[in-house]
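What follows is a set of structures for review.
One chain, chain A, appears in both complexes that follow, with chain B as partner in the first and chain C in the second.
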Partner chain A sequence: MFSPVILGQVLINGISLSAIYILVSLGFTLLFGIMRVVNFAHGSLAMLGGYALFFLYTQYHVPYAIAVPLAALVVATLSLVLERMVYRWFYQKMFQSMIGLIGLDMALYSTAAIIWGPNERSIPSPVSGIYHLGPLFLSSSKLVIIFTAAATLLAFFAFTHLTRQGLAMRAAAQDVETAELQGIHTDRIYILAFFIAIFMAALAGGLYAQNYTLSPFMGERPLMMAFVAVILGGMGSIPGVALGGIILGMTESFVGTYFGSTTSTFVTFGAVILILIVRPWGLLGTPEAS
Partner chain B sequence: MKSWKFVLSALIAAGFAFGAVGAQAKNKELKIGVIGALSGGGTAWGQGLLHGVTIAADELNAKGGLKVGDTVYDLKIVAYDDQYNAAQAKSAAERLVNEEKVKFLFGPVGSPGALSAVPVTQPAHVIEFVDGYAPKILDNQWKDNSFVFRTGLSSQEFADPMVAWVKKNLSDVKKIGVIAPNDAVGQQAITSLVNRYKSQGFDVWTDFYERGTKEFTPVLLRMVAQNVDLFDLNANAPGEAALLIKQAREVGYSGKIIQAGGAGVNEIVQAIGPAANGFLKYDIVDFDDPRLQPFVKKYKAKYSGIINGLAPQYYNTARILFEAISKAGTLDTTKVRDAIENLQGWDAPIYGPLKWTGKKTYGVAHQILIPFYIDKVKDGKGVVIDTITPAGD
Partner chain C sequence: MAVVEEFAPPAPTAADPASALRMKAVLGALLALCFLVLPLLRPGEFILSLATTLLITAIATTSLHLIVRLGSVSLAHGAFMGLGSYAAVLSAMKLGLPFPLALIVSFLVPAALGLAVGPVLLRLSGKYFVLVTFLMGEIIRLIFVSWQSLTGGSNGIFGIPYPYKAFASHTVFYYFTFVLAALCIGLVARVLQSEIGRTMDAIREDSRLAQCSGIPVLRTKVAIFTLSCGLVGISGALFAYFVRYIDPTSFSITQSLNFVVMNVVGGMYQLAGPIVGTVFFVILPEFLRGYVDFQRIIFGICLVVVMAALPGGIVGLIARLRLLSNKVMGENP
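Then we have the complex of A and B:
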């Protein structure tokens, strides 16, 4: 049980799990960081990303490398209607957004079940098979997720630190009124942040559905894991998401393998409770100004 | 002008006359209750139940309705969603029995919902058809005057012959790994199955996961370290079973995989594609059976997507009920219940001659006895490789 081979496999599983959690958490934390919206419809928007990828890649045979970002782009563009009709009413209203967006979540997955049926489907991987690293195993779909999560994290970090729009977004996240006094159009920044957040949710959803299965109800788990990763790392913090995702993925892999899934769940949620008591703003978050 | 008014009056009078005739000819309405998961993770099962019963009711309505004595009834399905949740199932049963006044009920799907609905339906003498495996669905305080029937096999009937099949056909298997959800359903299923495997001389390793898990690699890696020869998915839902198969291969498990329970081989194949090849599965219907083809044709004409195994099973059940009501010539549920019991040998559409069993096991002969099938997934399709009819009591 504690052989180097098993330990190596546990490490590989931990890395791929961390990548999945980072990917599904990025859009969630962005929406909270900028607009103070707790997006409980995040899972359903990820699910829509899964269906978009399914139809583009398996039904319309769009090449995979194009289908993945295109699916996210389609969902993000269409969701601007939701931004106008629903999300806009909840900006800077954290508690109202929780309740309102639970309703949106239910509406989205129920509609999906009516349109596409309740059964689970598979999105085939473009490079089928399992890679053997000596005695260790790594599936192609998990390899895709690891690279996509790393690339997305780096691209988003570069965007928020090196571009005018990204810097404006960070300024609006820190203080809306001061940002407006500096000439930043926060309305436009909100729409941009919303678009990027949903793009990332849908991107994560497509890869999540490919790695697991696609169904109208697949969003529940990514939402929960995103919530936990973001609370661990700090609501609204991008480096916090990376740290939260790594802690969550590695804990689940190591504790789950050596001590069982019940202990793993106990340790994970125990850590969340501890963080909320000792450091409610998360490991890398910043406390709300009183 | 006068003639125009006359024609109009005549037309109106004729309209009223035809309307009156139409109203006289209109059948009375008989509500048929359905409880199943119509949203959430168990939707495939709930929809299977609903679609099967609906097709049976549509058939009868198209023929003019259900004749009960001198009265003809149009069947109306009243469906409630329990989201595969015991509390919701009880609430749905209370509404159907007390508000909708239904006398005949299909569902809830699975054991938790059925166990919470039975205390509502049995004191009210509502005839209920269920599929959950829990023995107490039949073996309960109302068994001396029971109105509940189980119209699919439970593990009590299929587990022994299934384990015997494994012993006979997978002779190189010595150690079996069993992974189940860490809740009442999983604990009960795993205890029952493990005891049977052990009684046949197998070494068994077991572990649990939290319901809702998508990432099984940690628990599967624990299993791989145990060097098991056969991985049994027992009563896991199709979605979970599919991921367990796929991820078992991803962490390097190369042994055989079987599921000794549950319905839905096609759902598993659809969910994980070629990763399902070689998988062995207990199943409740053989979709290649010629008896099923008329049902399959009607299903495809009305619905799209995969046909869940519960659809033909509950279609069969609904046809049993309608036949019994016709034979009883009344809606009195005691007389209809007796008619159902007396339908032994009736040629039911899906499974053929009807046989009730369970008097020794449950104290009431309300357990259907039908064959079960062992599928093997080949080239992305479940193919029946064996058919077994369990012994009744």
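Then we have the complex of A and C:
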């Protein structure tokens, strides 16, 4: 049961799950860290990313390598309308944003259910086939996911650490008022951060939909996982999200494979509740001055 | 604490608290009277079951209101309602308890869980409390789904027998629900009107200041949370005996969210809020029958608009309009 081959397989699955979770929760934590918005609509925006990929890739036959980033780009661009109409009301208002965005979430998935129907669809994988790496079987669709997520995360890291805009964004994430005092246009940073966050969520949604299934209600699980990853790592902390996502993806893969998915949900949620009680600010977060 | 300042309610509008209280009591009595005479008008089964649903939901939303008044929002309330449902039905069907005892069990089981987890959960500040209750609700629902030998898993429990033959009559069950709802909501109103109610307001406004003033903050919070969980359990038991079928989907996060929506859209700062919200959201869907698919979109948009522009909800809007008309009339409010 614990043979190295299976363990290796579980490890690969864990990495691809972690990659998706990190993408979703990175955007979530960005919105929280900079705008103090608890984005309950994150899962629905990921779902829109899934549909965008579905239409671009399966209906309009855009080549896969273009369709994936293009789908996320389309969703992120269109969501700027939502930023203007909805999110802007809730910046720096944590409590209101939480409840209001639950409403946005409901409105989004219900609209999707009306337009595209409630039934599940699937996005075919662009590559099929399995590579042998020693005793390991690497399914190429998993590799695509890992590669895409890794590339995005690298790009995000490069952007935040090598450009002036990225620096400004990190400054705003640390302390909005002080950043403003330094001459940073926080309203521009808000839009930029929003765009990046939704881009990553939509990208993850596409990958998730391709790996599992596409439906208007598929956003719930990524949203929940984003919560959990973000709480684990510490709300607003970017390295924390990476850690949280990895712990979560690996736990789900290991416990899910050996003990079933219900047990894995119990274990992860239970662990998160415990962590919250002992260390509410998460593993890598900092306690709030209250 | 950041949550508190965002949560600041509008200043009380009534100059004379005694007359405001009398006004509220009169309004409440009028509402109760409407419900009391409703069956005499021979409204037909549809209206009657709609009114029964309304009363059952009102128990749940007013019980959630207790937590909201403490400055938190629980997303596990649907799950606690389910706990009450399953506790009542299982204790009646498997243990053979008589119905009144089963009702008491439906209060005690969720209240006991609330008492057990309360001291830990209520230490958490705003957002963490919301997230943990969200996860806890999901865990409870998963237990309903996976404990198949006891709960019937996803199939649920069907064919719940009438505890008394008389309950087969819609009117009788309606009056039974009415009495329980009046008791539960009356209890909530009494709590809010008492010393404890003012203590709760103090805790919501500034829990540290309250602590310094000698209020046992955590103990009050836990007591209120426990009471709230128990009351929602009763609404769960009523729901089970009304529909005579329960399954885990009735107690998912969607249900918890419905209660939150009703509280928020109705108004978070007064007991009238959840009642208005319940009436609004139980009756509104019936007018939108042809547009069932659009219901949740409308719910969602309502939530966004209320949170963005009307933090006091419908009740707050009415109060504001009254204040405005007073000003226009030249009266000194």
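Please note the rule applied: the second predicted complex is superposed on the first by the 275 of 290 C-alpha atoms of A that agree within 3 Å, B and C clash if a C-alpha of one lies under 4 Å from a C-alpha of the other, contacts with A are read in each partner's own complex, and residues count from 1 in each chain.
As a working rule, a residue touches a chain if its C-beta (ideal position, glycine included) is under 8 Å from a C-beta of that chain, and two chains touch if they have at least 3 such contacts.
Quick caveat, the model's predicted, so the values are computed rather than measured.
Overlay on chain A: chain B and chain C clash in the combined arrangement.
Shared-chain residue A:111: touches chain C; no touch with chain B. In the superposed model, A:63 makes contact with neither chain B nor chain C.
Shared-chain residue A:265: touches chain B and chain C both.
In the superposition on chain A, A:96 makes contact with chain C only, not with chain B.
In the superposition on chain A, A:86 makes contact with chain C only, not with chain B. Contacts of A:287 after superposition: neither chain B nor chain C is touched. Look at A:231: by the touch rule set out above, it reaches chain C but stays clear of chain B.
Of the two partner chains placed by the overlay, only chain C lies in contact with A:38; chain B stays clear of it.
In the superposition on chain A, A:273 makes contact with chain C only, while chain B stays out of contact range.
The interface of chain A with chain B overlaps its interface with chain C at residues 109-110, 113, 262, 265. Chain A meets chain B in the complex at residues 1, 3, 6, 9-10, 13, 17, 20, 109-110, 113, 117-122, 124, 128, 130, 137, 139, 142, 212-213, 215, 217, 220-221, 252-253, 255-257, 260-262, 264-265. Note for the complex: chain A touches chain C at residues 36, 38, 86, 89-90, 93-111, 113-114, 224, 227-228, 231, 235, 262, 265-266, 269-270, 272-273, 276-277, 280, 288, 290.
Every residue of chain B that touches chain A in the complex is listed here, in rising order: 39-41, 43-44, 47, 182, 207-210, 212-215, 217-219, 221-222, 224-225, 238-239, 242-243, 249-252, 267, 270-274, 304-306.
Against chain A, the residues of chain C that register as touching in their complex are 1-3, 6-7, 73, 120, 123-128, 130-132, 134-136, 138-139, 142, 145-146, 257, 260-261, 264, 293-297, 299-304, 306-309, 311.
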